[in-house]
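Chain lettering (A, B, C and D) follows the sequence in which the chains are written, and residue indices restart at 1 in each chain.
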Amino acid sequence: MTGGRTENHPHLLGGAATLMDAQFFTAWIEEIARVVTANRDHLTRLDAAIGDADHGANLHRGFTAVLEALSAKPADSPGAILTLTGTTLIRKVGGASGPLYGTAFRQMGSRLGPGADVTLTELASAVEAAVAGVQKLGGASEGDKTMVDALAPAARALTEAAQGGAKTGEALDAARLAAEEGARATIPLQARKGRASYLGERSIGHEDPGAASTALILGALHAAAG
Amino acid sequence: MKKLINSAESVVTDALTGMAAAHPSLRVDPENKIIFRRSAPTQGKVGLVSGGGSGHEPLHGGFVGYGMLDAACPGEVFTSPVPDQVIEATKGVDGGAGVLHIVKNYTGDVLNFEMAAELCAEEGIEVASVLVNDDVAVKDSLYTAGRRGTGATVFVEKITGALAETGASLADVAKIGEEVNARSRSFGVALSSCTVPAAGKPTFDLDDNEIELGIGIHGEPGRTRVSAAPAREVARIAMDAVHADMPLSGEVLVMVNGMGGTPLIELYVVFAEVAAYLREKGAEPVRSLVGNYVTSLDMEGFSVTVCRLTDELTRLWDAPVETPGLRWGR
Amino acid sequence: MKKLINSAESVVTDALTGMAAAHPSLRVDPENKIIFRRSAPTQGKVGLVSGGGSGHEPLHGGFVGYGMLDAACPGEVFTSPVPDQVIEATKGVDGGAGVLHIVKNYTGDVLNFEMAAELCAEEGIEVASVLVNDDVAVKDSLYTAGRRGTGATVFVEKITGALAETGASLADVAKIGEEVNARSRSFGVALSSCTVPAAGKPTFDLDDNEIELGIGIHGEPGRTRVSAAPAREVARIAMDAVHADMPLSGEVLVMVNGMGGTPLIELYVVFAEVAAYLREKGAEPVRSLVGNYVTSLDMEGFSVTVCRLTDELTRLWDAPVETPGLRWGR
Amino acid sequence: MTGGRTENHPHLLGGAATLMDAQFFTAWIEEIARVVTANRDHLTRLDAAIGDADHGANLHRGFTAVLEALSAKPADSPGAILTLTGTTLIRKVGGASGPLYGTAFRQMGSRLGPGADVTLTELASAVEAAVAGVQKLGGASEGDKTMVDALAPAARALTEAAQGGAKTGEALDAARLAAEEGARATIPLQARKGRASYLGERSIGHEDPGAASTALILGALHAAAG
């Protein structure tokens, strides 16, 4: 995997009450597009092991389209940016991950509403909404070896950090770590949802590609914060 | 990887351009990736839409035409189509009698078709759907995404298509689709993996003396790997799996389907064994298909699908059909 | 070598057993290796017999039926049939109007069919023959065995078959067969070798970045080996070879044929390029076939065959045909 | 390649005028069947290089059938044995080599006629008849890179040896050597007949499979003589 960052918002590392604006969310999406492209083959290889070898191509196509959509008609609020991201993913990705990630971003967008600035608490609530949306649509619980296994712990980590008054940077780092740990923890699991479930016990021993891409997306969130 | 393509990115669009050039009876929209009957919509007839990832040709686009589908939506290779495609296809085939979605049971297909169906319903189009889940290699339980839809899709598309041509109602067309699915079972075997163009290498590796049992149609590895064996034994393993799940008896429709890289001569060898197995169990293969119908790119291997017929199903199977992939009676 | 067979020795017989089980419209004699129409002979109609080595399925057995062949004689894999088979087939389809042999131009096919024809003539059956030699990759000169018969065989069998159904004379049926052959050209490209079951390994080896140009349908290496290239360029090489030999113009029938291991999605990509090439040259592909028709076991690759149509040829192409491999109009 | 011998007729090595009987010709056919089987893969490999990889299988199938035919209805004269051999090859082999070898043996059989014993001169004349039959049917000249390139020199060697009063053993050895040399000499040639001619210049550098099998058949003739 390849890490790194594109745009920094060093002021976000300042304190618990720092606000995240449209520029920040744009930077997040751009960073996702970058890491997805950098990890395209890695994600496809993970999907080859227990799926159908398209997850990298799917997300690459999706976030490439999202970048185009955002530059075609710049959305001006965090909520609008995330909603447009989600809508574009639904319109361009297909597969299981298209509707699921699309719903995740659309849920975040709608939870954030039209406001110009987002608090850490609001962000945590938005990610919780993403988890709920993905679970409602896909029916997966934690432990089923899906993206939920990375997304749900990340949402919890954010919520806890926000409730504990953590600084934004710390909170995003905690979310990233929780997602990465959640993704790693899918390795010993037997899949019960998605394509990998067809493999039965043979799905054990492989990281879930969707959980891995979720960890990248949460890593991009932290990177966007600088 | 060597393939007859221009690029991994353009393969689906390029193939659709080829279909458009080859089949004047179709109206192909390579941009939005939809294949319509040229004459769509047919007023007063239930419209039939199917779709799914590309790489399974002739499924689904090759089954668009009189007596079968009204439109098909191919996604990227092995990736379900997006809701926009399904919505446009649904609108384009709506002749006022409602539209049936024929969906193979994969998370991605189900989610994308559901999203499209909801939006179409909001716009006042009556939509019903049939979910195809015939693959006995997958344990259908709370612990899986449920059985995959594979070979029975061809049977469902043919038979619902035939009934729709008679002017039957959406509810009746959906009902017979469910009946076909309920009476059908499949099992697949791979001798080699496929290579997804965008991935550039085989999805899995098999030794020269190994075969993979219970594979799906997307290069997903199967449930077990065993030593290569004569066709007779391999066919028996597949048929045992089908028979264990749905005891075989009576008149059946049977398809021995190539996965894309297996030549017809081998499929006929397998068919001989399958027919012998069926007779041994007291079932009679009164209708059959042998060839490439639901492929998995260049995978070598086969799947077998059996449908226990009723007189009505046989009659609808025999009804005229005129598509690039299946044609008789006109 | 992994194949869906029981043994290299039994593969042809086993496949024939499968054909017999799959196609009630055929009468198959797996022992003597002959595939007849169930209704053969048709009194008063010219009988059509073709044959050749096995491994090219659906050619020839898959083209037995109304509007096409009356019988086919498959030899062992890539080995021409023996005269006994051809004699029995010829006698079995003789309806009193004579019998046409459709022979692909290979030394073995020519010799075995000639021996059979002589013996049949001695027994009072009028026999004529059409030699198919459409492959432009072979220089036709004193220094070769002449051009190979490949894809045009399908056109010759279809069109002679259609004319024979009208009650035309043996001379007329033979004449139109020769006309189709004279107006047709083919060129083939391999991405991989085939593996002959009895040989157990690939006939030739290609690197992962090489393709073989001007191949035949028996795994014979081609005339040149070049680097793999996008479908557009490969199709252009093939079409340039055809066009150089027979300038393309007017209405044409074109077949993009899979060699057995190439999936349909790739054949459509090639067809798109072929159709674009034809239009660029001022020719119009008014009829087409895309799929596996004249295969070379599990070889990956394609061949393209073009026939410059006349109104009569188009009409005969469109006439009803009912065989396992080609069917329309009934 | 594998050599060896099954049945010997040591008396044949005696002198020029020694006669060859039905037993000798039966031994010849049996020895051909043995060496064809032993060299089946070798012949198929030669055919893979410039043909279609079936020559070994073809001859194996053919001579297996010949052995069956001979034991089903034993032919009692040299001519009858060779005619039955040729007829069986035509009926069972197919391909180019079936009619060609079939004709070769049938021509030998008919040239020998019904007599019980065959002189060296008669044998030479029979092999000349085989060459003529193959050339008439297949239209190949020497140098076209076919079985004719081994058969014609063998016929010439036999004829010369017979005319020169050579002993049978010596004559058969000369025929074998000529055939082997003729087969080897096909390597640098460009094929002008049969399947190999499709390759044009690429046929150069490979031994013709039919010439190689002819050398084996002439080798078997010598071996049968002990």
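Heads up, the rule we're going with is that a residue touches a chain if its C-beta (ideal position, glycine included) is under 8 Å from a C-beta of that chain, and two chains touch if they have at least 3 such contacts.
Since the model is a prediction, treat every value here as computed from it, not as a measurement.
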| item | value |
| --- | --- |
| Target chain D, source chain A, minimum contact steps | 3 |
Connected chain clusters in the absence of chain C: A, B | D
| item | value |
| --- | --- |
| Gap in Å, rounded to a whole number, between the CA centres of chain B and chain A | 33 |
| Cα-centroid distance, chain B relative to chain D, in whole angstrom | 55 |
| Per-residue multi-chain contacts in chain D, two or more chains | none |
| Pairwise touch network: line, ring, star, complete, or other | line |
| Listing of all chain pairs that touch each other, if any do | A-B, B-C, C-D |
| Complex interface listing, chain C residues touching chain D | 8, 53, 75-84, 106-108, 111-112, 115, 137-139, 142-145, 148, 196, 198-199, 203-204, 216, 218-221, 223 |
| Complex contact set, residues of chain C against chain B | 1-7, 11-12, 14-19, 21-22, 54-55, 57-58, 62, 191-192, 208-209, 211, 228, 230-232, 234, 260-272, 275-276, 285, 288, 290, 292, 295, 297-298, 300-302, 322, 324, 327-330 |
| Residue ranges of chain A touching chain B (in the complex, touch as defined) | 44-45, 48-54, 56-58, 61, 90-100, 137-138, 190, 192-195, 197-200, 202 |
